[in-house]
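First up is the structure itself, then whatever we jot down about it.
Note that the chains are named A, B and C in the order they appear, and that numbering of residues resets to 1 at the start of each chain.
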Amino acid sequence: MIAMNILVCFKVTPDLDQLPPDGWEVDRAALTVETSFVKAMINPYDESALELALRFAEDAPGPVKLTALTVGDRSADRYLKMLYALKFDRAVRLETGADLRFTPEGIAAAIAAFVSRNPHQLIIMGRQSGVGDNAATPLLAAEKLGWPCIAHVTEIRSLQEDLLKVRAQADDGFLSYAARPPLVAAVGNVPHAYLRVPTLKERLGVREKKVEIVAAALPAEEGAGCTLTGLDVIDRRRAGLKIEGATPQEKAGALYELYLKERLAKL
Amino acid sequence: MKYTVVLNGCSRNIYSQAEETASFVAENLGSAPPGRCILFYSDAQNKEELIALSPAESLLLVKVKQRDPEYYLSLLTGLLQNDTSSLYLFPGDLCGSELAIRLAHRLGGSSLAAVEKIEEDGEELHCYKTVYSGYLRAQLSLRQKPYCLSIARGGDTRRCRKAVKVLKFEELDATGFEKGSPLGEPEYEEEANGGLELEEAPFILVAGQGVNSREKITRLKEIAAEMGATFGVSRPVAMSAWAPLHSLIGVSGVITRPQLCIAVGISGAAAFFAGIEKSKYIVAVNIDELAPLVQSADVVVIDDYEAVLEELCRLIKEQPSLP
Amino acid sequence: MSLTREQIVEQLVGILGEDNVVTDEAVLRQSSVDRFRRFEELHGVFTQPLPAAVVYVHSTAEVAEVLKFAHKNLINVVPRTGQTATEGGLETAVANSIVVDGSRMNKIIKLDTYNMQATCQCGTPLQVLEDQLRALGYTTGHSPQSKPLAQLGGLVATRSIGQFSTLYGGIEEMVVGLEAVFPNGHIARIKNVPRRAAGPDIRHVVIGNEGALCFITEVTVKIYKFMPENNILLGYTLDRMKTGFEILRQVMVNGYRPSVARLYDPEDADYHFSHFSEGRCVLIFMAEGPKAIAEATAAAIKEIVARHPECQEVDSRYIQVWFDNLNWDASDVAEERAEILETKNIGNTTEISADWEKINVIYEACVERIRREVPDMTLVGGHSSHSYINGTNLYFVHYYNVVDCKPEEELTKYHLPIKTIIVEETLKAGGAICHHHGVGKYRTPWIDQEHGSAYYILETLKRAFDPRGIMNKGTIFKG
């Protein structure tokens, strides 16, 4: 039986919620914000994608080969090595020092180029990631490859060899597909999909494995794309009036009488 | 700028799609010549009602047999081959944001998701949208026409929009369209209420991870019902499957716009806050005075939320005139 | 004859009123454990005897009444406030115990900024006290990771320590006076004075008693001027723990008192600082206090570090962001719960201390043995976070995947073997087996070895103050 090759794309992002409110300072010339001091993480949607792929591989009736792919600098290598320990067969980084924030076209092109050189039948990746919030890369990758795409995926299972069951969130319910590869699955909100943790032994077992690093030329203006021309901090402050009171009950009473009663009556 | 709005009439959220796009058109394209709307619908629907929703004077009603994005995309690609619009507008929901990006690629244009505002500037279109997980607003400039944009959800639709009278009306029966989706027809599974109720609700109660167990979430949901509020949760709560996915509020879920929002045990990451920031009035109940939400709420109770909410619920229930 | 569960409840209702006696089964189950058994708890498995009731007390007099009742009828009492215990101290080892919850005694009685002391009831959350003080320009100087949740009574009862302890000391150096109720109902008030030589320091009978001798109802702590504008943060990466310990030692021995002095081994550093640690150890300092002192302290630390060429300075903004996100609140706890259930990966910690000579020996021996002897480990590492002139602590961090075992077997398969290794190696080298989480119920088996011939003193306290053995059975004291 021929193995099914699955490519899982992920991105390492700063955990922006850790940045203190006064840490949001925009460099007016470069249109950047310093986020490198913040702890890094795998983009949560991509984390779900990686876990869904591992579960898929465990339950699939036939052999599955998993490739993890990221685009970026060497800060991602630690995560790629971890994915080796979690039984990914290949861990690849398309090396670039380019500003990747608003270049979904370029990243999608790099993914498509990788797939054309390294055949895969299924691409799984998160639908969107912080910083750029473009929500476009998986969709554009599918377009560039001429593959169908299912977005907002919450579940991927193997029904039989070459037939997948894919469940996706729609605006007023769910859509369930019985789909044949090739396919791009853009992973959305998946409950219960934290990425598993490798043991020390598993990590030790892959210590000698090297991350595949491939130079990637990201076309700067692929498809005319879009150009960042401004960046501003959003001020979300409101009055933040504090309700005083000796007990929670007293505070609830004050809140109700002074601020809610009238508003509720008007609803 | 010649524009076309594309709506998914098969989805039960068609009303908010229509309102959202209409208000975007009114605010951003007021001086443009009247636009066109393409609206997909299925056999089962009331055509008159759908016509009344059109945000543009010219309307093309397309009857479809499938309601998935891949199918719509094939249809649109064919329909728009010789179209001369420079701007295609999609609602900011899941379907719309997917179509905008993919259609742009097929038409050789450029795209952007979740756009709040646009300004035409010579050969460029400046678009404004939130980035950095909701902490920053970016201006991004597009050059390649046609522009395919999805609108940021939760735009201010309360502002009274001008009633649009449909002057030009066409119909197309695409149910025989065979090239359709390469994926085949998906099975549709309706979720009771879905996120629609939350999106429209005038009064919501939202629980975050400060509410730290399934039982407590369940209790708050009861309290919400007793108070007459619609219940929603933050992403971590939904990811723990303590509440259904469609009750998820924030950039990855529903964008609400209630008159009154009570947020309980929510720390207030920007990605969450985007989901309630259109609220007219925000009450935060939190034990942690330093939580970012405390700064972004109108009024704040720093205390144990369980006691506060139980008491508040009792007070609201005692008030006979309330819903 | 001992009272039945119903009789106990009935009498408690008589003392405290119905509203303050909780017998809801879900509450009782949840009150039979603390974070030590959270893997079981998360899976809905409860193996400990259920208490008869959780009771909320509102005054010292009520505490005295409840304790007298328990004393008379030989009912086990487990005192608690913020419920952040990690070592089993809140487990109800005896069926039909009374869990006495002081969290509703939460009044701040006096903030005395002239005499620089703050008095509050046992249920005052440290965060609330600290926030009020900071608004006035003062601080307790106490900042354990549990600050958003923990309350004063529990903090004193467990001999808590905070992240700034290298300057301010542990809670034992902050408490100036207190009030505690003993099993026979006796209320003892220790007055607030700067120091005295009127016999042994009786505060230390109460501080760290873990509810096994008395119930703490009121606490007075020292306060300090809060001058965060003077804080200077320093961070370094380095190759070896041994070098790090030596730097810490030199800083302390030469008379400097940074508030934060922390040394992470590569594994623990990777967990917290993977964005800059690059597989190395991480060393962090914060100098605080009056400007001139903070600056002099920082300058001296820089000079000491400079003598060790393997240290590489990192941008202090890395440290600032870490510092701003340090504490655990309810949502962190919730997220952790979801992750544990999902991944079956759970982490615990064990903290010990030893003098400069022994600390690295213990560190190396423990890490080596845990890696070798315990299966399915995903992280074995640790850090030193509290230094003294004669030594430092080690906070071991151990994570593992729970594989092929029932929730109730997790302790015996993983957690207890790990604890045993750490305790054995610490005792062998001559360190202390508990640095700041308390003894709880799982280090009690070694308590006599820990104290050796001095155990006589400790044991005598139990016999003297709790002769009928009703206070938190199994905690600190055997039997």
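A few notes on this one:
As a convention for this text, a residue touches a chain if its C-beta (ideal position, glycine included) is under 8 Å from a C-beta of that chain, and two chains touch if they have at least 3 such contacts.
Since this is a predicted model, take the numbers as computed values, not measurements.
Closest chain to the protein centre (all Cα atoms averaged), using per-chain Cα means: A. Among the inter-chain contacts, the highest number of C-beta pairs connects A-B. Look at where the CA atoms of subunit A average out and do the same for subunit B: the two points lie 21 Å apart. Put simply, the C-alpha centre of subunit A and that of subunit C have 37 angstrom between them. One simple way to say how far apart two chains are is to compare their mean CA positions; for subunit B and subunit C this gives 46 Å. The residues of subunit B that reach two or more other chains are 239-240, listed in rising order. In subunit C, 338 are the positions where the chain touches two or more neighbouring chains simultaneously. In subunit A, the residues that touch at least two other chains are 19, 192-193.
Contact residues of subunit B toward subunit A in the complex are 8, 11-13, 68-70, 93-95, 97-98, 101-102, 105-106, 110-114, 126-144, 181-184, 186-191, 194-196, 202-203, 228, 235, 238-241, 245, 248, 251-253, 259-260, 269-271, 273, 277, 281-283, 292, 294-304, 307-309, 311-312, 315-316, 319, 321-323. Here subunit C touches subunit B in the complex through residues 26, 125, 127, 131, 148, 329-331, 333-335, 337-338, 341, going by the rule given at the top.
Subunit C meets subunit A in the complex at residues 270, 272-275, 315, 317-318, 320-322, 324-325, 338-339, 342-343, 345, 371, 376-380, 399-401. By the touch criterion stated above, subunit A contacts subunit C in their complex at residues 14, 18-20, 23, 34, 36-40, 75, 78, 192-201. Residues 16-17, 19, 21, 24, 26, 33, 101-102, 128, 130-136, 139-140, 142-144, 148-152, 154, 168-179, 183, 188-193, 223-234, 236-243, 245, 247-249, 251-253, 255-256, 259-261, 263-267 of subunit A are the ones that touch subunit B when the two sit in their complex.
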